[in-house]
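After this come two complexes, each holding chain A, first together with chain B and then together with chain C.
Our next item is the complex of A and B:
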């Protein structure tokens, strides 16, 4: 895992990069709330080393207009120097999933598939809005209040301590920077914004005991689903079955793509 | 305006007294620019050219015209632009030749037109930078394309011809015709003929109104007011004869071979018998 500093429109942005074997796609990792790209440490080590990897910090894209986020995202991709022409896989956790749906718009043709870890794409979230999911996403409603978002971002209200109590299974660094995406997410769900759809196959890995996701019925999803044991953050444990499932899925999509190309 | 048909020609000169009124208004509002003022146009244009190149460099196949145009607006705003003479346009593929466009509404960037790997595209935008406008349009191709390179070579030749046309004794109508002839002689199509009023060039002026909020799109109310208050068609080179060809002009020949199109739009200064491309003038001057 190599941390790289990129100059994006005059500002320093950190990404993590892992080089793969020539000719293979790039896996882009979108963390959730309240994480940063370090949450991917174990997953990154477990993903097949053939693939290039790029981990971005969502806080670098949050708090600006969606157009600016798209601009920064494209600039991060360009400046990372990774071979995007080989294709892209998206892997996202938590709010990283909806963020993938937004940003997928600017790399539509490059996307070969998207994996959602304890997360859904925007379209599936919207289809499931009239369900228990509303109660599971209660915090997203609280996050609509801008003073609250500001306080959390600035670690007032004892944000970190409170969070540690509410989510005791969370391990690793805490970064509240991506909280602003919840505003965009909420607007999309209640229909203020059009819902962008991701190109390519979609796969969901959902944990059985995740307190923030209600496992939806297959008819409300845009792809296949696997339910694994554990809770919201257990997909990041180094012995997690999710890593094996991710590798299997990427390999099968590689084969599908090769077949399609031939 | 946006609902006007592209092939519909409007003859405003047929309105009695309109031409006379425009000419008189325009005569009174002409201005000679000092080097210091021209430098501000140059800075504005440089920022716009750089931004267009930056966005063009970032685009990937699959992005929509609308996203590309919005990203260009966003980048300019990040660089301090608050208002626009016109917001950004992006045309991909065959739309670079205006093929299939019926009304001016069709020229607006679309959310359902996506860039393909073999596509050429045009980005065109006109921001006010500290009250000084620039209007730049440039053509690109996502991958190497021989047809596009050929088309670009022709465009470079046209660009070389332009200063000589302004230096001579030609009036605006003749300049317009010479450029049109030059395009046709190269077996190409003249796309700027399809622009509103067939405009090949329009004058640019500082605007104090650019600080006020702008709510119209793609052209701001400041743009409409500015051009109307200076005699509308007298401010353009669009096949009509105008009082004087002096001024700071954004000239935009747009050509196509029927399948792909390209253009350039840059400032040319015509003043006191001197004619020069603004970018070359200040680049040659070195530090300032």
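Our next item is the complex of A and C:
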């Protein structure tokens, strides 16, 4: 895992990069709330070495308009120096899933598939909204208040201590920078406008005991699903079955793509 | 019984591959063209209620009749599982998806259940042919489930999110494993077709019996609290009562054997036994059927289902057991 500083429109942005074997796709990792790209440490080590990997911090894209966020994302990709023309896979956790849906059209033709880890794409969230999911996403409603978001971002209201109490299975660093995405996310769910959808196949890995996701019925999903044991953050443990599932899925998509190409 | 982890898609995939690689085909039974009517089906010991009151040739036909009853009961229950697939399996995995691997294991389970009922049907066909009666004639003396009230109850229960069918399936799977275990020490005295059929059935049942428990775990994990609690309070008691009452009511059909007594000595000898059974009162007969009757007691006597009993206790189901 190599941390790289990139100059994006005059500002320093950190990304993590892992080099793969020539000719293979890039896996772009989108963390959730309240994490940063370090949450991917174990997953990144377990993902097949053939793939290039790029981890971004969502806080670098938050707090600006969606178009600006897309521009920053595009610049991060270009400046990373990774070979994007071999195809791209998206892997996102928590709010990282909906963010993938927003940013998908930046690289739409290059996306070969998207994996949602304890997360759903925007369309599935919207279809699933009239269900227990509303109660499981209670925090997203609280996050709509601007003063609350400001306080959380500045670690007021004992934000970190409170979070550790509420989510005691969370391990690692806490970074509240991605909280602004919840405003966009909420507007997309209740709005009447069309919401962005991702190109390519979609796959969900959901934990059975995740307190923030209600596992939807198949008619509300846009792709295959695998339910695993554990809770919201257990997919990041180094012995997590999710890492093996990700590798299996990427390999099967590679084969599908090769068949399609031939 | 090996119970894989419902949420380990790799373990489920390995189990399915093992089931497929070791599966047998119906061609296994092509070598059997008739039934040896000088051999037993169900082993009968000296504790048998009529042991000292009937002739050896009558004892032989009773053993064969009990074997036919168990074959027909297993065959009918396995077909009922297949017929209730939409309400009790497809709708559930649609509402509560787990993984592609689990669904593949489920599909294989239904393929094997269908194959088992076909195999039991082959035996019953062969028996009808050997004893000069038609299949519909033999159906009149054996347990039949098709479109009965019990089957409709299972489907309705499945539609409202219940678990009754899977509780009965778990019981039937375990019972059919026990049937072969009881048969094994008497291999030489049992008709080769009957023995081979149960041996092959046993092999696949031991590999896939866990599927009913995986379905129960899935429904319990994902149903709402209220449905889960109601289900745990009534589903097992109801399914137990229905299963037992079905077998008892179907056994009464044995009286129809008199109509076939001119077709073959098997039916003639069996009809001679009926008056001797009638000497016992209903309480004595039911008590005997529940406790000691070869094979049939496995269905009627709940204590035989050890794995299921353990599961029911662990999950705190209400039961009459």
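Everything that follows uses one rule, which is that the second predicted complex is superposed on the first by the 260 of 262 C-alpha atoms of A that agree within 3 Å, B and C clash if a C-alpha of one lies under 4 Å from a C-alpha of the other, contacts with A are read in each partner's own complex, and residues count from 1 in each chain.
Just so we're on the same page, a contact is a pair of C-beta atoms (placed from the backbone, for glycine too) under 8 Å apart; a residue touches a chain by one contact, two chains touch by 3 or more.
Keep in mind the model is a prediction, meaning the values are calculated, not measured.
A.B. asks: In the overlaid three-chain picture, which partner chain does A:70 touch, first (chain B) or second (chain C), both, or neither?
C.D. replies: first
A.B. asks: Return the chain, chain B or chain C, that is in touch with more residues of chain A.
C.D. replies: Counting residues of chain A touched by each partner, the higher count goes to B.
A.B. asks: Taking the superposition as given, does A:166 touch the first partner, chain B, the second, chain C, both, or neither?
C.D. replies: In the superposition, A:166 touches no partner, neither chain B nor chain C.
A.B. asks: With the two complexes superposed on chain A, say which partner A:1 touches: chain B (first), chain C (second), both, or neither.
C.D. replies: neither
A.B. asks: Considering only the touch criterion stated at the top, classify A:208 as touching first (chain B), second (chain C), both, or neither.
C.D. replies: A:208: touches chain C, not chain B.
A.B. asks: With both complexes overlaid on chain A, does A:45 touch chain B (first), chain C (second), both or neither?
C.D. replies: neither
A.B. asks: After lining up the shared chain so the two structures overlap, which partner does A:225 touch, if you call chain B first and chain C second: first, second, both or neither?
C.D. replies: second
A.B. asks: Give one of first, second, both or neither to describe whether A:109 is in contact with chain B, with chain C, with both, or with none.
C.D. replies: first
A.B. asks: For A:217 in the superposed arrangement: first (chain B), second (chain C), both or neither?
C.D. replies: A:217 contacts chain C only, not chain B.
A.B. asks: For the complex, give me every residue of chain A touching chain C.
C.D. replies: 208, 215, 217-219, 221, 224-229, 241, 244-245
A.B. asks: Per the contact definition, I'd like the list of chain B residues that touch chain A in the complex.
C.D. replies: Checking each residue of chain B against chain A gives 55, 57-64, 67, 70-71, 73-75, 78, 114, 116-117.
A.B. asks: Which residues of chain A touch chain B in the complex?
C.D. replies: Residue list for chain A touching chain B: 9, 65, 67-68, 70-71, 74-75, 77-78, 84, 105-111, 199.
A.B. asks: Tell me, which parts of chain C touch chain A in their complex?
C.D. replies: My answer: residues 5, 7-10, 93-101, 221-222.
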